[in-house]
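Across the two complexes that follow, chain A remains constant while its partner is chain B and subsequently chain C.
After this line comes the complex of A and B, so read on.
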């Protein structure tokens, strides 16, 4: 009976961000007493479904309901839905007890500090026996692992209302093996007592050993939902992969092969990681799940090759941003100035910028890369996202830079623009430039000559030529797969 | 409609309009008799605010949080040291000038060293630097009042073709800064940094180098101002820089430079500096008491800032 109480039910939910369908008709029911493992590659819709369930994102279509019958309140929090975030949601300047108070409004009354301290102590000891965390210490003083432990304990806390569904988004990524095992044991215990857990992890071993049911997402849809016992690591990886024909990919892939001349070499920083190498004229892909060290590597590479104090004689690296508003565009400037900013030194004589040459260069690139605007002196923000992205490509390519770093630059760009840019990249690579391309999109990664797969901040696999396939990349992105 | 967009695209128009209006009102009261006197005095006194304002504007262009509060003490120290070194001898004029510049250079470098090495916000770093510089001035000066060399005193108080020499110096420096901001590579860089330091970095701009140069520039402008001010007023005084703390910031803001950075405005500095001096002399002419004068000054400044702070319609 209690086995089949619905905790959350999501019916035919659709969410769309611009042209991207983040969720495309998702049905998901979570019952009391089960652990659901949620897996999928970048952009599959994992975070979106989590946000829909915890109420942060109202679905554009479809319905979310909590509880078995139509619950009196529609708010996720009041229905016992708790979410442990990957980016910790604690306030570093407050103590653990104060953080608990903020998260639980029912933790009030006379002497709440004492109650909170007792509850937190009990909960921390229950989940992570033998921990040495002091409930009076400020969160900022704790290590990353300890913060994660506190975050988890706060979310499992039962003040006046027991949590019914706890969403764990990559909870073990900052915990060591012992702590992770303690957490998983707690999850099993909690579920056996009638709670339910939605568990997201890139470590497939954890998913298989802890979940009762595994839901696989791809392209905003649920492609499989079966009891965990029916899955193996291999079948999970296969289910996550897409069905696009492989022959199509191969023909699209760059015909160019890098020369022998090495332009970049980075020895592996972490134990167990591989070295990074790039040769002239090569397109090197960086793959893996988002946030596993790819962007950090690009930034490191850039900082190593471009001084922050003295202007470089010749700029040999260029960077194409993916998050345009973070480190790409200059919002006050025109398209022209945004395009030429990296290259003004080459356009200057006696430290004075030659306006005529600047115009010529901008016009040339406007034509070459087809920036759709009536006037290149219009503000950069008057362009669509895809065209702004083209300006950033033009900025990087108009200079002399031999190495171009790309930080997932095609995020949210329409398919037409993508094709145009792919063609330009191919021809630039033929003429000897090296591209290092971090992408969260499988199709793009498969265009590269060689691919490094990242996991937990290190390179765990190198694939080249015909080995660059979705299956191989997925297998390397999720650990728990025999290499 | 086109006229309206012309107004909004040129924020410095407002500061000039305000300066003109104040000038006319003052003229009306005096019946035109003070035409030459008032105009020359205005240009002379405005020159000092223009020179420090130019430096401050470069720093403010670097974006939110960037400001140089060590300007007044740099003015004082540069004026004090230069005059004492020259000791009234016209032959040592160049020595005094380069000593002032060296002080600017040292203050600018130390400012950025504090900001960068100790990772403290510019407002705190330059304020603490200001105490050190001011104390050095007190220690060095010890109440001495040295007269400036005759050549220098004459130069700063005389006029060429009816225009005060100081105003010509300010004009030359303004043209230089205009070139720097509008035409030079360096200006492009600091405007980029003001809009987004991270994007500027990833576009290959040497962000720290450019910021250092900007702080040095600002301190050098302040030291030049101190050198001229001390020569103009017949000797350095320990409080001579005080009024230029707020003045340097006010003329930048009233002049239409974006407080949020990335967009600066040289002509506006002129309009604002003339206006700031004229407001005080207008209220003086009308015989208001000190209290009323300060309140009215505040109100007028707020009005001009409101009028000038419409967002610009066009990208640059």
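After this line comes the complex of A and C, so read on.
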């Protein structure tokens, strides 16, 4: 086997979800015996390229080949492509041995339990020396770190076929420093023996120390692919950012500055984290890579200001959900009902809803935020995604709420609608409302007066005014050294 | 193994307490004959509970178990003595029908509760067509199996142990059983690992139908005749038995041994209430109360365990 055997080759792959180009012409070749570090911000296309390589997502255009074959899950598996997913893919109700059996179809035979137990024991001890995991225990009883260790060990397992390419998606996120170092040592050992690894992490120190080549993605494209030695933490962060049109940004940003009146305050929960503060009339952005504690912070804020049991007369916090279909819209209701549902108390008279007032309010909001529908009594699902989102904004804004929490609500919304909503937000902020806005999109974050950047569940940076730039946010989202 | 034994602890303790109470109230039950009488109706219930448990381990629920067992009992009583081949063919077709149900439910992601509730009327109707009035007869071989007198332990106990061990082997030890529980635990991962969820769930439904048919046949062996409504209450009894035995509605967490113990406990609870001279009108309510007490115990136990592991 020469050093330059291709394990996977991705050629001009394009993937599109609705209006979003997740992958926009990606070429990537992975050779045997190399570790590729993959970095990029939210929406850069990291997860999509992983899914394309492991065969779960057939590309809409372009080709994936493993040696000489085309892509399907089966082929990816047959060619020794294994993937450690960011959300764990284990079976919590089964034991470690049983998990290994289901993940490895070649682990058959009469006494597979014994074989699996032996192989898992050896692999766990090889990657994580001195661990105390019992192969007979159910996965649900393990701690998060132990589950991650088991998942990694299962994917490196060699039953009858050795893995050729192991994709590690944020594998160290739930491991402590010692375990992470053990894993990285194993990765180096495995690669030196001819395997290859695709390694995704937000800890740039790990990427730099472990990878032989680093691939930087942005907006569905590979913007740079160079040997790791040619990168530093600084240059990686710069590469992840784009050539920014700074002047445009600045003019778009809201002119209002928050007043001195603090409306929200949360002391930092974690060591090294910063306090959270929001003042009246401010648009506060929550940034950082997805899943690093932003949504938890929003839910925390919401729960602090609302009773779980008895609805209060005056709701002073409104929540705009990110996942429309999961916890935003009432899919069977009309646009009108969806719009007024959080405000029925104000529209009610003698415990019945005053239909006339409801109509007036809905019409007013329909005009104000331009919901494009011939009839407000149409079902909510007749609207496009962007217009559904506008209805949800109207729902939050039509009430008396002083504080509006937004959980990445503009995901998958077209650019025109986005502009309209931005304008509404700014005018509402001027009139004294406070917005807490978690967004995974850089342009949106850059519209905020002040931005908190999250990493590993804590606020690691506070940027305000002219410091709110893509470079600063990127630098804070990725840590230079292992935690 | 730790979770396994903890899961079994409460059902076993509940059964032991009930058994002691029954022995105290009626010491004559503490005999070969007495135990057989106490438990022989538990055998078909235990088989139906295992059937329900298999469906529940893939995160579904079967509301047609009761009518399906009745249907199987009617087929057995009507055709098995005279035309055994016809009876076997009908029962095999029923198993195939269950496999198709599992397939369709998975393929269209239909709610199993709705589909099986609909099917319960189909099975009920077929049972009435086959045996319009109570009757039929048990084939001799079935009768002699169900009335066999093994040494040391009565038939009901031996049969329960065999059912528990066989189903434990199939569900907990074989690869097939692991795949079934995996489908309940994390279906998406199962597909990603290269398994066919359709095949696994269809096979699980077929296996459940097999156990339900055994339940119907055991019932005919005990009662020597059948009727279209003979096992209607099995639907709820089987669900209660699974839960009582430490199983859960979702997540593929089931225990075959626990399910059999749960079925025995439910049967014993009925006898216990009769010995207390509680009128039949109140028995169902009292049975429910026993269920609530046992499940309450489990809740407290789990809560304590979670607190223990959190600290």
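The criterion applied here is as follows: the second predicted complex is superposed on the first by the 472 of 483 C-alpha atoms of A that agree within 3 Å, B and C clash if a C-alpha of one lies under 4 Å from a C-alpha of the other, contacts with A are read in each partner's own complex, and residues count from 1 in each chain.
Convention: a residue touches a chain if its C-beta (ideal position, glycine included) is under 8 Å from a C-beta of that chain, and two chains touch if they have at least 3 such contacts.
Keep in mind the model is a prediction, meaning the values are calculated, not measured.
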{"item": "First (chain B), second (chain C), both or neither touched by A:233", "value": "neither"}
{"item": "Which of chain B and chain C A:136 touches, first, second, both or neither", "value": "second"}
{"item": "Partner chain(s) touched by A:329 [first = chain B, second = chain C, both, neither]", "value": "first"}
{"item": "Touching partner for A:94 - first (chain B), second (chain C), both, neither", "value": "second"}
{"item": "Chain B versus chain C as contact partner of A:342, first or second or both or neither", "value": "first"}
{"item": "Touched partner set for A:306, first chain B, second chain C, both or neither", "value": "first"}
{"item": "Partner chain in contact with A:377 - chain B first, chain C second, else both or neither", "value": "first"}
{"item": "First, second, both or neither for A:353, with chain B first and chain C second", "value": "first"}
{"item": "Partner chain(s) touched by A:102 [first = chain B, second = chain C, both, neither]", "value": "second"}
{"item": "Superposed model, chain A: greater residue contact from chain B or chain C", "value": "B"}
{"item": "Residues of chain A touching chain C in the complex", "value": "56, 73-74, 77, 89-94, 98, 101-103, 105, 108, 112-113, 136-138, 140-141"}
{"item": "Sites on chain A touched by chain B in the complex", "value": "302, 306-312, 315, 317-319, 321, 326-334, 337, 341-342, 344-345, 348, 351-353, 377-380, 395, 399"}
{"item": "Chain A partner contacts - residues on chain B that touch it in the complex", "value": "179, 183-186, 188-189, 191-192, 195-196, 198-209, 212, 258, 262-263, 314-316"}
{"item": "Residues of chain C touching chain A in the complex", "value": "1-4, 173, 175, 178-179, 181-182, 184-186, 188-190, 192-195, 251-253"}
